[in-house]
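Next come two complexes, and both contain subunit A; in the first it sits with subunit B, in the second with subunit C.
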Partner chain A sequence: MSARPRWFRWAIPLAAVPVLLLLAYGFRTNPRDIPSPLIGRPAAPFALETFDGPRIALEELRGRVVVVNFWASWCYPACYEEAPALERGWQTYKDRGLVMVGINVQDKDEPARRFLAQFGHTFPNARDPAGRVSVDFGVYGVPETFFIDRAGRVRYKHVGAVTDAVLKRHVDTLLAERG
Partner chain B sequence: MRRAALVLLSCLALGWPLAALGAAPVDEDQVRDIAAQLRCVVCQSLSVADSPSETANQMRGIIRERLAAGDTPEQVKAYFVDKYGLWILLAPPRQGFNWLVWVVPFAGLGLGLVVVAFVIRRWTRRSQMARRLAPSAEPGIDEATRQRINRELAELDT
Partner chain C sequence: MPIPEIGYGATVTALVLALYGSFAAAVGAWTGRPGLGRSSERAAIGVWVLITCGMLLMVYAFLTFDFSVRYVANNTNRGTPFYYRITALWGALEGSIILWAWMLSLYTLIVVVQYRRRHSVFYPWVVAVLLGVLAFFLLVMTIPAPPFQRLAPVPPDGRGLNPLLEDSGMITHPLALYLGFTGFTVPFAFAIAALVTGRIGDEWITITRRWTIVAWYFLSLGLLIGGWWSYHVLGWGGYWAWDPVENAAFMPWLTGTALLHSVMVQERRRMLKLWNLGLIILTFGLTLFGTFLTRSGIIGSVHAFTQGAVGQFFLGFLAVVLLGSFSLLAWRLEQLRAQGELDSVLSRESAFLLNNLFLVAAAFTVFFGTVFPLLSEALRGVKVSVGAPFFNLVNIPIFLGLLLLMGVGPLIAWRRASAENLKRNFVKPVLAGIVAAALLRLGGVGNVLVLTCMGLVVFVTGTMVLDFWRAARARRRSGDGWRAATVGLLMRQNRRYGGFIVHLGVLVIALGVAGSQAWSVQTEATLERGQAVELAGYKVRFDTLRASEESNHFKVTGTFTVSNGQEALTRLYPAKKFYPQEQTPIAYVDYRLGVLEDLYLVLGDFGRDGSYATVKVQVNRMVSWLWLGGLVLTLGTLVAILPDRRRVG
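Entry: the complex of A and B
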């Protein structure tokens, strides 16, 4: 036993160093923070029927800044927290070249309509019954909000409830760009 | 010229839904096979095939739809990678830095086997050497003691 070289007694503690480094790296990254490959790329076109009836197609909104918000009535509390901010943002910017579109995912008609009525949403909201638009936008969960510039490119993605400040920051930036 | 274009256009318009209707039914095994390779986006470490969530259900629907439209399994997977990044694949593709994930476990196993073989050889060599060096008789017993043990054992037997 005493024949073992001196360095051997350091071998086990030294072997732990790479493991500790890996853990230190792993614990500092947020597993929920998954970068979207869609940033900077053209948003996938969609054409959906709104709750009020008329169709809304993303391609027809080219030249305007578009905020696309994915939500569900069962998404509590985040969707309920952000709902008033969305309506406020819509009221503030609708005459300045912004279009806001709500996309309701994995929901039933009745609770979805109740949600819209509860918050008095006046911007167009549509359903994505088969989840195609959600996957086209790489949505992980609700709520997620995408900011699309005048050229139709996805510029920012916000995961979780949006606030007045988040809306203002991104919308102001995109509206300032002359398309 | 314009009429020809119109005819062509209407053929395309009519032909597209017809082609979709006439498409072969989708192989459910193929749907499951693709779903098993995709990560369910709302789960922790579950594939789209294994998850009972509505999201996974819808993703299976999209896989089915794309296969029915004539996409190959590779094209279907590429569509999901395009939207979610390589993260969506449960097995990292064998390219670039990802090779590390595929190679390191086997390299570690190989290294471990080499170390085990080395240690075993050392152990067997040491015990062989010990046997060779030891006197044939048990150490520490002189001839007189041996005779006495034998005598007493023989008395016990009688």
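Entry: the complex of A and C
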């Protein structure tokens, strides 16, 4: 030990530096960021009954940009946070060729209706009682929002609460494409 | 009552007090002003009182469904059963930090009470370090993960606890684990005090011996209860999956185990001073790393809490701790030269060195495997996990080696083992081990690893029995009866024989691991009503299926009659639970536990009309030995921490 220069001892604390750097690098990555295999593929067709009565079918919306939002009344707080943004987005874009569809998953009728009333949603919302549509879309948890282009392909998937900015970015891009 | 505001106020006050106390203790020690030291003690007591109040306040909020507290709304709903409303306290990130901080403040209080008038050189620095660490956790509770946050508007009902956590294992597992994690802070604080004051002899080791054992014990218990939880809740029939979070708790256990052994070498032979200080710093660092891993979200895991800024805070603190402590070590390097030297390869100290090498190597491989996805992404841009095969491949030989050393270490002589010492202690146990392995081979056991493991277990047991029997016989010659001789031995040489009992517990666990890996069998079958499936002598018949609405979920329960062909043994009721807040249903396992084997049923798919059900049937062999081993471990730890009678008597 005495043969080594005195500064050599500082190698002990310095040995921890690469490990710390590696862990810091970990913040730049997201382990849950699993790309959806559905991106770029045609969205799975669905036909569901809305809370107001009429059926809504994805097939019939071809040629329009569609935002499909999966939500539940028990999904607190994320679904509650995004709800006003969704309604605002709907009000902004409904006259420009956008269709927004809310799909209520794993929920009961009464609290779901209360949720819709609380936020005064005016865009169509449908129930997915058997969970078939959520499975087809590969929904992992609520809320998740899918952006479908005029050709009926899933173009973006947003996990977690959407914001005005997220809606604007994706919807503007898709609306700008002429189908 | 404005619970969020009161709670947050208590947290901030505690943070200020902890910072002040830490600073006052250090300055008091530096300048030799005892008034500051006493003031820091009062601060430590105040911190404990405030955190206790905060914790009780949170429990009160849970019990009264006060959804104006965001944490309560996120982790309960009106259907959550009573007990789980208390344990929901540590069901998620923010609350788990309260529990952590509370335990650390409790340990700090015990240190203050116990050492106030002793170890006056170390004591103020120990208090400074403990309060410093506490201040960090309180900072986390103040900025990145505040448990006391007001939620407006107040929702009519909460989200509910993660259903997997609605289990008795979740009551005890985090308690034991956190007592273990936080427990290592005390020896760490003494080690830092030793480095700062330059009194780096054996004193810090002697003082903290019991602390280290207790922390180690709780960590072991936490790991075992975690295994039990995984076994009977997750429904895959296993107890250990090398999941990053399991690894996070296992790494400090490995280095802590190494420390428990290497301190003996320092006490006896004045060696390994630097190594021991390094080990305790590493162990404490790994407990922080474990918390960091589960809370930063950098590595995906089934256990991981939600991510957020809390990860950056932990990494920053980890950096301060590692760089600071290792710099202190480097600063004192001259004084840390070993006084003793290794005389011979055939000696107890070399057996202990090897044991330490193995344990640290195991910790390193587990660390490497855990951060490998990160490493491969950083270097090659691809996310790759190494998974269980890697961990098993590397660790099984290491653990077999450790078993061997467990037999050798306690009996081989210090300094230099003579041929006589080796012959006297090892010939018979080695023969017993070989004979046992040969008998098992003849009995049809073909797996080499299992044969090696069982042979080693017999060998180690042989060494311990031989040693204990000789010692007891010696006492009997001096006039004691058998009972007095054995009990007296346990009491008088409690460190040694407590250690033996702990080793025995580890052996029992090793047998459980080997047996369950080698001999468990399973099958899966879809049965119509009245149909049965057979496995390993059991006949499992599907009787009925029924649905029920529970307080916070919907449950489908199957009834299965188990017989051994002739007579009915029991009825089992595996179920599937459907929670509204979860996408996938949760399996509820039912089982019949036994010493040699468990019958374990998991309900799979089923017909909505109840006409058929798919069931996974497992006969898991010797898994109970893990839990039995835990009991033996507990007994051994109790014996080992008894007050040392030799010095007194």
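Assume the second predicted complex is superposed on the first by the 150 of 179 C-alpha atoms of A that agree within 3 Å, B and C clash if a C-alpha of one lies under 4 Å from a C-alpha of the other, contacts with A are read in each partner's own complex, and residues count from 1 in each chain.
By definition in this document, contacts are C-beta pairs under 8 Å (C-beta built on N, C-alpha and C of every residue); 3 or more make two chains touch, one makes a residue touch a chain.
Treat the numbers as computed from the prediction; the structure is a model and nothing was measured.
Peer 1: For A:A85, is the partner it touches subunit B (first), subunit C (second), both, or none of the two (neither)?
Peer 2: neither
Peer 1: Between subunit B (first) and subunit C (second), which, if any, makes contact with A:D136: first, second, both or neither?
Peer 2: The first partner, subunit B, only.
Peer 1: I'd like to know which partner A:I39 touches here: subunit B for first, subunit C for second, both or neither.
Peer 2: In the superposed model, A:I39 contacts neither subunit B nor subunit C.
Peer 1: Is A:G26 contacted by the first partner subunit B, the second partner subunit C, both or neither?
Peer 2: A:G26 contacts subunit C only, not subunit B.
Peer 1: Based on the superposed arrangement, let me know which partner A:V159 touches: subunit B (first), subunit C (second), both, or neither?
Peer 2: Neither subunit B nor subunit C is touched by A:V159.
Peer 1: In the superposed arrangement, does A:Q106 touch subunit B (first), subunit C (second), both or neither?
Peer 2: The answer is both, since A:Q106 touches subunit B and subunit C.
Peer 1: Under the stated touch criterion, which partner chain does A:W74 make contact with: subunit B (first), subunit C (second), both, or neither?
Peer 2: After superposition on chain A, A:W74 lies in contact with subunit C alone.
Peer 1: Jot down the residues of subunit A that show up as touching in both complexes, subunit B in one and subunit C in the other.
Peer 2: 106, 134, 139-141
Peer 1: Okay, in this complex, where on subunit A does subunit B touch?
Peer 2: 34-38, 106, 130-132, 134-141
Peer 1: In their shared complex, at which residues does subunit B touch subunit A?
Peer 2: By the definition above, subunit B touches subunit A via 41-42, 54-55, 58-59, 61-62, 65, 80, 82-85, 87.
Peer 1: Show which residues of subunit C lie in contact with subunit A when the two form their complex.
Peer 2: Touching subunit A: residues 70, 73-74, 77, 151, 155, 157-160, 278, 292, 296-300, 311-312, 315, 318-319, 322-323, 326-327, 329-331, 333, 337, 371, 373-375, 377-378, 383, 580-583 of subunit C.
Peer 1: Going by the contact rule set out above, which residues of subunit A touch subunit C in the complex?
Peer 2: Going by the criterion above, the answer is residues 1, 9-10, 12-13, 15-17, 20, 22-27, 29-32, 72, 74-77, 80, 105-108, 134, 139-141.
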